[in-house]
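Labels run A, B, C and D following the written order; every chain starts at residue 1.
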Amino acid sequence: MIEFINFYLIPGITLGSIYALGAVGVSMIFGILRFAHFAHGDLMTVGAYGALSAVWVLGVSPWLAMPFAIGFAVIAALCCDRMFYKPLRDLPTIYTVIASFGVALILRSLIQVLWGTESQVYSSGFQKPLVYFDTIRIASRHVQIISATIVITVALHLFLTYSRAGRCMRAVADDASLARVAGIDTDNIIRWTWVIGAALAAVAGVFVGLDTDVHTNLGWNMLLPMFAAALLGGIGKPLGAITGGLIIGVVEECVSYPFFGESLLSPSYKSAVAFVIMIALLLFRPQGLFRGRLL
Amino acid sequence: MLLFDNIVKNFGGVNAVDQCSFEIPAAGITGLIGPNGAGKTTAFNLIAGHLHPDAGRVVFDGHDVTQLPAWQRQSMGLSRTFQLPHEFARMTVLDNLVVAADNRHGEKILNAIFFPGRGRVRSHEAQLHARRTLEFLEIDALADELAGNLSGGQKKLLELGRALMQRPKLILLDEIGAGVNRTLLSKIADKIIALNASEGHAFCLIEHDLDYVAKLCSKVHVMAQGRLLMSGSIDEVKNDERVIDVYFGGGKYQEST
Amino acid sequence: MSAEGLAFYLIGFLTMGGIYAVLCLALNMQWGFGGLFNAGIAGFYAVGAYTAAILTSAGAASHVGGFDLPIVIGLICAGLLAGITAWGIARVCVRLKADYLAMASIGFAEIIRLVVINEQWLTNGSLGISRIPRPLEMVFSGRQAEIVYVVFVWLLVLLTYVVSQRLSRSPWGLVMRAIRDNDVAADSIGKNVQRFRVEAFVVGSVFMGVAGALSAHYFKFFSPDATEPLLVTFLCWVMLIAGGSGNNRGAIAGALVVWAIWSMTEIITSHLPIEWASRSAYLRMLLIGLFLQVVLQRYRQGLLPERRTTPVQAR
Amino acid sequence: MKLTVLASAVLAIALGSASAYSDEVKVGALMGITGPLANFIPPILNAARLAEKDVNDGGGILGGEKFTLVVVDGQAAAQPSVDAASKLVNLENVAAIMGGLSSGATIASANAVSIPNGVLQVSPTSTSPAMTDMEDNDFLFRIVPSDNYQGQVLAKMVLEEQLSKVAVAYVNNDYGVGIAGTFKAAYESMGGTVTAFEKHEDKKNSYRGELATMASSGAEALVVIAYAGGSGAKIVKQSLENGFFDRFVGTDGLRDDLLIEQIGAEALATTFFSAPTSPDDNPVGEIFHTRFDEEFGEGSDKPFVDQSYDATMLIALAIEKAGTTDRSKVRDALREVANAPGEEVGPGDWKKAVALLADGKDINYEGVSGSHEFDNNGDVAGFIGKFVVDGDSYKQIAIFK
């Protein structure tokens, strides 16, 4: 049992936290701009490399480099929106979806040109995990990642509940036409969506780098689980996306635990878990756990 | 012709249609009126099969069609138009009508691939029929225009033409007059009356303009709050206190809508 | 460089271009006529390729296969199996709206990919299936065989084109377009939307399977890296959008033009100094990404836009 | 239509530039610059460049002509590799092709382009056993032993270390599956026990679950068959952190400076690695690595660097020996310059080799990554070295043949 917690559950929660932060942006963009943003994973990568530059140039720790990560990702997101998504906004969303595929390619190639392709780490060496009660072992970076995710979740909740921009975002995500009648400045809301989505993606990207390493496919590899998380939480429900991310991460890690002597699923099928959850949801409960919008 | 029997339809806790029953006779033009939010369009969707009721049944032409999907009801002779235009925007006006014709052989995929000749005769007939219908509706000049480029009123005519293509027994018209100018509106009315008289199509229409309803309909159902308020001739309805209350009064029905 | 060299480059180019043309025509049946956003092309392509590979390759001890069947039977089975897979997926998925269908189909394609790389008894996993034959290999060899194969590929492009053209001009195609434009209205005029969509999804996927089989025979070897979604799904979408969705000739033209850009940009970048070699490859990807944006913003109709004339001619 | 114009303009420019030089000898380098192997590419390319430089600094090829590598991007996948190889063969008119990194890319490009067009192709890295009995008219060679070989040697090596029970974690691609399969078969037939045998996808972030299961299987060490830059370093790191394993056995994919950087030499003290190498009486590896690091700053210990240099050099030697860029003559010359007997030449000995060939003497190239004696299938038996960590680098301590 203790093995389950140490080696399946805690890594699952860590992975889930990363999915969760990425999924918030996916969910909000889907809810407000109404398209599946296929370049979101690459925004994560942009963030991770932004922090890497700061670590290299300034020699600071990745945590202090976070503002750079966020800055890079937010600027990238706003530029892409202005240049590639805005001109297509009045067309059927399919065009924007395809454009976002192209943007993913553009961002990744830019990273590869600027930073090269070899995988990098923020800091070398390994640390022994912290041990609690002689049984629970948890790496200190996992403690940091999980607690940072909790803080971000609370902050996000406060922002969405109490600030004007946050309330407007929720309103638009719930019903765009109603919001327009109510005189909400849609452009402003869209800007906020990108800022928050990209910032959280950047944080998630840095977390991936902290946990393992930084490479150019880092975000792209996580894109589909993030979509699954956004759907699970309900489109347009940021807190739902966080829950969804945690669930997907934990389930993905835990399916290979030998509950009944045999592992439920061969570990090489782990990635299928997110897809199966996603497809099942699309078919049986497309509004997600938290009654998100249906497009 | 059509029996709307004790229907209940619930949307997220609100009963849009609540134990409502009425009948649409086989001949003549029936009106369905009521204030906004009374459940008229929902009732149409339930009749046409785009929605399915939580309780009650829909009987059309002697068959219980409650469980049938829309496309099957249509092939039994039940056509409709939509409140907001639902044209096939990237197809020509003529094709919009041709596609609505029944072409069972041509629409089989294996025939389409291996025997492209099957269904050709039917297509030819359908085109002639479509052209005649366009002529009757006086929009034949637009036959080769993309339907998406039509004006709102022209789209309404297009939809009417499309509904006529399978020679239906009953046609549901959802606010055929909304957003249409006066001249075109009276033209549409003439067409409806002519069709009812010559071809024997029965009509049921949702309309806000009571004068228009008076011109067309022999019988009127009034809905409010998801229920049938009353039925009768247009004069009976116009003079009924409850109806006046619903429409103008700010009475008890107004608050909840 | 010689004229002969150029000719054989063009033959190689047309072979790959032809395979992409089949894929693109197949996608056009789904998206161009039917408005079905299939983002899992790579999955059906893989099913077709592996079916053909297993049925036609010479014997192998490490996995099922080595039936050594004629290539035509392999092709037919590839199409059939891809079609059956598509039917299963379509039954549950086609009622989903565009973006959701895209996600579900990506999900299925990924599951297919995982099965392919994990079920070693069936597909030989990541080691791939080798010794896949090509048509008329006994008779022709070397450069002659290249010519034979390009003819073979383009015969199948022709077949796909004829089928696609017949479909789009038939009453079936007309209904499909109606569904694409407005499914509720199509429902209201008596068309079984679900049935038509499943049919379009299946028939398109059949040809995606055929395209997969064609590339397996071309490479004479097939391993999971050939099903990379970027190279199959994404590229195919770019081709169709650039060529003009809804138009069969546009689909073929798009496949050739985009494949030409994909292939020929490298002729320039490979002449940059060698220190630039690794960077130029990314610059090339960057250019392709930007090209897509230009097409989407400026040439949305594609090279050959959809024709608006009545598909069934009145006589 | 504008697009067609653009495309033809591109072609025109390309054709113009392709025919601009004529007094050079071109060899194609089919690399997977973008795509799944992208993070291995820069040092591999640098190694090929070093070979190019060695030839040109040593007086050029075929009597002073310039030796030029044309690098193309096959994206480590079949479709673009075939297309890129076709450009090399038909448009660039190369004398031979170095490359195809992943087996899928190599086999597909050989089948569709090199073999039908009669062009020599030498892969530096493809290890798939399927390449051995391909009908290739002797146009396809490789200078790494087939997986079958390294797996067997690794099994021997592990048993010699008195490890009779091991767990195997291998990456699910042609490299990992190939070596792991032969290792398991050989190891078990020699009396060892594989307690757990798990493949994994290399894009995941946590392998703790699988590792925990493997740790509880009673293994004495963990055999990791994966790339350090992919999943390899993560697996070692997570095993050490959680105390699943403290002893590892790796292959050439894991033997990467990146591993020492990420883990630290101390924790790897008991770990050993297998990698293709050259016979011990040919101490060229060390010199080559020093030269490489001087030239490019770093990277000489990355996977497949040695092989990339050797493959390029072998092709250059074969062209020199053939005395022409005629493709089938180049092919015929390859075995003669690579195989014994003959005067031995090594990396950096270009001048000497040219002189020997001019005198009509037979030469035998002994490379950085092995002595490269091709058999009838175009495979090499190869030497597998045993490496351990030494400071911030690796040291070869034994050789298996």
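By our rule, a contact is a pair of C-beta atoms (placed from the backbone, for glycine too) under 8 Å apart; a residue touches a chain by one contact, two chains touch by 3 or more.
Only a predicted model underlies this, so the values are computations on that prediction, with no experimental measurement involved.
Looking at chain A and chain C, the chains that touch each of them are D.
By number of C-beta pairs in contact, the leading pair of chains is C-D.
Located most centrally within the structure is C, per distance between chain CA means and the overall CA mean. Distance from the centre of chain A peaks at B, each centre being the average of the chain's Cα atoms.
The mean-CA centres of chain C and chain D are about 32 angstrom from one another, to the nearest whole unit.
With centres defined as mean CA coordinates, chain D is found 37 Å away from chain A. Note on chain placement: the centre of chain A and the centre of chain B lie 47 Å apart, centres being C-alpha means.
Taking each chain's centre as the mean of its C-alpha atoms, chain B lies 72 Å from chain D. Looking at chain B, one finds that none of its residues touch two or more other chains.
In chain A, 109, 112, 117, 268, 271 are the positions where the chain touches two or more neighbouring chains simultaneously. The multi-chain contact residues of chain C, meaning those touching 2 or more other chains, are 117-118, 278, 282, 285. Chains touching one another, given as pairs, are A-C, A-D, B-C, C-D.
By the touch criterion given at the top, residues 37, 92-93, 96-100, 102-104, 106-108, 110-111, 114, 117-118, 230, 234, 237-238, 241, 278-279, 282-283, 285-286, 288-290, 292-293, 296-297, 300 of chain C touch chain A in their complex.
On the side of chain A, the complex with chain D involves touching residues 3, 6-8, 11-12, 14-15, 18, 109, 112, 116-119, 121, 124-129, 137, 139, 208, 211-213, 215-217, 221, 253-254, 256-258, 263, 267-268, 270-271.
Those residues of chain C whose C-beta lies close enough to touch chain B in the complex are 163, 166-167, 169-175, 177-178, 180-182, 184-193, 196, 199, 203, 246, 306, 308-312, 314-315.
Residues 30, 35-36, 83-84, 87-88, 91-95, 97-99, 101-103, 105-106, 108-110, 112-113, 117, 224, 227-228, 231, 266, 268-269, 271-272, 275-276, 278-279, 282-283, 286, 295 of chain A are the ones that touch chain C when the two sit in their complex.
By the touch criterion stated above, chain D contacts chain C in their complex at residues 1-4, 6-7, 10-11, 13-15, 17-19, 29, 31, 33-36, 41-42, 45, 49, 52, 69-73, 75-80, 82-84, 86-87, 89-93, 102-105, 107-108, 111-113, 116-118, 128-130, 134, 172-174, 176-178, 199.
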